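So, here's a batch of structures to check.
Here chain A shows up in two complexes: once beside chain B, once beside chain C.
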Partner chain A sequence: MFGQLIVNGIGTGLIVALPALALTLTFGILRFPNFAIGAMLTFSAYMAWTFNVLVGVPLIVSALLTILLFPLVAILCDAAVFRPLRDRGSITLLVASMGLSFVLENICRLFFGNAARNFDIPLARPHRLFDLRFTNEFLIAAAVSLSAMLIVYLILRWSALGRAMRAVADNPNLAAARGIDSGRVIKATWALSGALIAASGVLVGMDRAIDPQLGWNYIIVCFAAAILGGLGSPVGAVVGALMLGLIGELSTLVVPTNYRVGVAFAMIGVVLLLKPNGLFGTREIVK
Partner chain B sequence: MKPKSILTAEAIRSGYGGDDIVNGVGFEVGAGEVFAIIGPNGSGKSTLIKTLAGIVPIRRGALSLFGGDVTALKAPQRIAAGMAYVPQEFNVFRNMTIAENLTLSTEFLGLRGQGARRERERVLEMFPDVAERQHLLAGNLSGGQRQMLAFACALISSPEVLLLDEPSAGLSPKLVTEIFDKMKAVNEMGTTVIVVEQNVAAILPYSDRAMVLVNGAVRHLSAASELAAEGDLHALFLGES
Partner chain C sequence: MIAYLVTIATLVSIAVLIAMALNVQWGMCGMVNFGLAGFVALGAYTTAILTLAGWPALFAVAASVVVCAVMGGLLSLISMRLSEDYLAIVTLGFGEIVRLVTLNEGWLTGGALGLPGIPRPLVETIGSENYETAFLAGAVLIVAIVYFGLERLTRSPVGAALRAVRDDDLVASSLGRNVLLLRVKAFALGGGITAIAGSLQAFQFSYIDPSQFTAIMTAYAFMAVIAGGRGSHRGLILGACSIMFLLEASRFLKDVIEVLDNAQIAAIRLILIGAGLILLLIFRPQGLMREYRLSAPRATAATAPPPTGKE
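== the complex of A and B ==
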């Protein structure tokens, strides 16, 4: 029982980790919390569903196409909504992201209606190992999430683009003084975030039915994970998501299942009381 | 004989929000000069040098470098045109190592591998203190070492014009002398230096010409030696001359 709860918690955490990572990446560079992350996740899930069910290509190909194409949607959203408002401050951008959220959600509703949709994937029995059940969805989510996190880590730590992203996140004026083109970095950040959101859209779509309000189920946990880890910290977002997943599942040992989200949020409250900037967050220095 | 002009500012206005901080400043800087910009707190010195660097946009007026108009260029393009800028504080990426800070500058030039290493070694010859600790986080360096690293990063692009914003801020008198000696050494290798400085007594001996800025406007511009001889700089700063 305990082991299975750990497995389930890790599964939930890994799925939430990707959009939380995307949220923290855009926050680190653009300094606003992107409320549209839930609607973007929904949009990408519909994109994958379109390739998979309407076009009829296998889910893995649909997922790859979505991961390749959705970053363009994210860059387009930035160009249309956020770029014109870049100098207006984080509250304006947050409100704009709320507007974008409604637009994306209603585009999905316009084209696909309100009916729930499912990917065309065969039902499969869970695999058993040491008395623990591992569903195919869990194994795929684990493989995709861990690979995505590794790729993001390698990009941020070792590539020229990653260094430029870290530099712009740390000090945009100094980055400009060193010749870093912030416009290029912002596009790359949206592309990377878009790919992460797309991957999570597919994983979420495998886990539950796709409907226009799919993303709403993930906005709060996604924000909670990013804030718990420390907004702007990629490692923090992943750790925050895993902690949320694990605490939520393990709490069912002592409280009814309905309260697990409440327990997870109470734990976040305690952590933030002790560390107001989150587990891996750094104190903002006003320059 | 006055050296050939390398940078010309014509009636520049710039600032933040709705207000102009720099109010129609004009001057020329000759090739190979050390040009000091001095003035009291709040006179607009830092805003002016940020404007020259392309960090703060020019609202009115014009800026030319080697006779070419760079008014509309942003900071990265001005670096490509031959400028480099060292900010007053927060002048290194504290969460990155010394090596990563330098690598960012070589990457801007499109250098990788051997070429990048050669450039880093060329610049670090001038800064042995920094060269020995390349794996350290820049945030763990002392104020003087951070300033040296910031200098080194700026020099990687072999700039024609180096813009320095209060390089002596927060440093001990010994370190101030060391920093200004480095600045002079860079200048003697052919780089024109424009330096904003609060420490007037320290900077004038290193400068060829100096400009006094008061309330965002030019109050006085002359040879540094003449300004040093004036004696009553206080009156100039307070606008009493």
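== the complex of A and C ==
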């Protein structure tokens, strides 16, 4: 029982880690919390569903198509909404992101209605190992999530683009003085975040039914993970997501399952009061 | 038709109250509240539960104002060590918790079925015939009282201090202002106003359930405040009324475009809300009306076009 909760917690954590990573990346570069992340997740899940069920290609192909195409949507959203507001301060940007989230969520509702949708995947019996159940979805989520993290790490650590991204996140003025094109870095950041969101959209869609409200279930947990790890810290977001996944599952031993989001919320409160920079937040947070 | 207009006007009054609460918190003091709907729900449920338990309406409303004000103060305290960005997620989380509690604690809130039969105040004295109109008059009176109270506050030294905290809290604190206390007070005041709005909503329908308090309520308030001009209470009333008018008008879209069903019309409205919010932020960040400033008369004189001498 206890072991199974740990397995489930890791599963949830790995799925949440991707949007949390996307959130923290955009925050690091653009300095505002993107509240549209939930709606973006929903949108990408519907994109994958369209390819998978309406067009009828296998899920793996539609997942790849979504991961390739959704970054374009993210860049488009940035160009239409966030770029004109870039120098207006984070509060204006975060209110605009809420507006964007309304638009994206309701585009899905307009075309697909409120009914819950499912991917066209065969049901499979879970694998058993030492009395623990591992579903196919869990194994796929783990594989996808871990490889996505590895790719993000490699890009940030070793590529010229990653170096530029870290430089802009660290000190935008210095980066500009050194001739780094911030427009290009911002586009790359949205592309990378978009791909992460798309991957998690597919994983979430496999885990539960897709409906227009889908993203709302993840937005608070996702922020909690990013804040716990320290907003702006990629490693922190992943660790924060795993911790939250575990805490969320284990809390079901004491708290009714309906209140799992409440546990995430309580974590935000505790972290903000005790350790406002998060576990891995090195940067001084502007008060 | 008159009955329809009276109902709409009452709903507009409630929306104006919610927007005023946001205007105190965000417009005047710079603190984002994404959990507005949660506050309204908390106020509505407190009033409903207490009146159903036999409390007189006035005491129930007073109690719900206290509950929401205290909750607002506490929430703003959580983010005391951080920038306002964090308050956004804290309040969003709070709204979600309120929703979960109203949905799951059936013994207290009736769960998804809600609380029916909330007694409306003074219904025997006024009689049911003109009750709706009288209720509207009461709601408008409350809006007027809150409006004049807030106008006074805006023009008082405290109002100036709140704007100073919003524009640059470092300057405000170096000038000897207790920034934390001002923030907590502003958030508590906003919380209290949402409680009044929630109570009105509970009495208006004499029935509440969790589906009445969604993020859309919060989005309306943000749009009203942005459209009216942040910090301007007069502009906000104008903003809230024009938004409600547009939204009501969009109901009749259905008669024009017959291919769309109700859910699709609802979706289009929400797309328009979101897009409108973004467009206002981009193209008209100052809103319809300017915020009150101490130097307003001089400033307008200075910005008046200089005489060209061609006449």
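The definition used in the following text is that the second predicted complex is superposed on the first by the 261 of 287 C-alpha atoms of A that agree within 3 Å, B and C clash if a C-alpha of one lies under 4 Å from a C-alpha of the other, contacts with A are read in each partner's own complex, and residues count from 1 in each chain.
Simple rule for what comes next: a residue touches a chain if its C-beta (ideal position, glycine included) is under 8 Å from a C-beta of that chain, and two chains touch if they have at least 3 such contacts.
Treat the numbers as computed from the prediction; the structure is a model and nothing was measured.
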Partner chain in contact with A:58 - chain B first, chain C second, else both or neither: neither
Partner chain(s) touched by A:113 [first = chain B, second = chain C, both, neither]: second
First, second, both or neither for A:81, with chain B first and chain C second: second
First (chain B), second (chain C), both or neither touched by A:272: second
Touched partner set for A:258, first chain B, second chain C, both or neither: second
First, second, both or neither for A:174, with chain B first and chain C second: first
Which of chain B and chain C A:160 touches, first, second, both or neither: first
Chain A residues touched - chain C or chain B, whichever exceeds: C
Interface residues of chain A shared between complexes with chain B and chain C: 285, 287
Contact set on chain A toward chain C in their complex: 32-33, 35, 80-81, 84-85, 88, 90-92, 94-96, 98-103, 105-107, 109-110, 113-114, 216, 219-220, 223-224, 227, 256, 258-259, 261-262, 264-265, 268-269, 272-273, 276, 285-287
Interface residues, chain A side, partner chain B - complex: 160, 163-164, 166-167, 170-171, 173-174, 176-181, 285, 287
Complex interface listing, chain B residues touching chain A: 50, 53-55, 74-76, 79-80, 84-87, 89-96, 100, 103-105, 107-108, 153, 157
Partner chain A, residues of chain C touching it in the complex: 26, 30, 32, 34, 78-79, 81-86, 88-90, 92-94, 96-97, 100, 103-104, 169, 215, 219, 222, 226, 263-264, 266-268, 270-271, 273-278, 281-282, 285
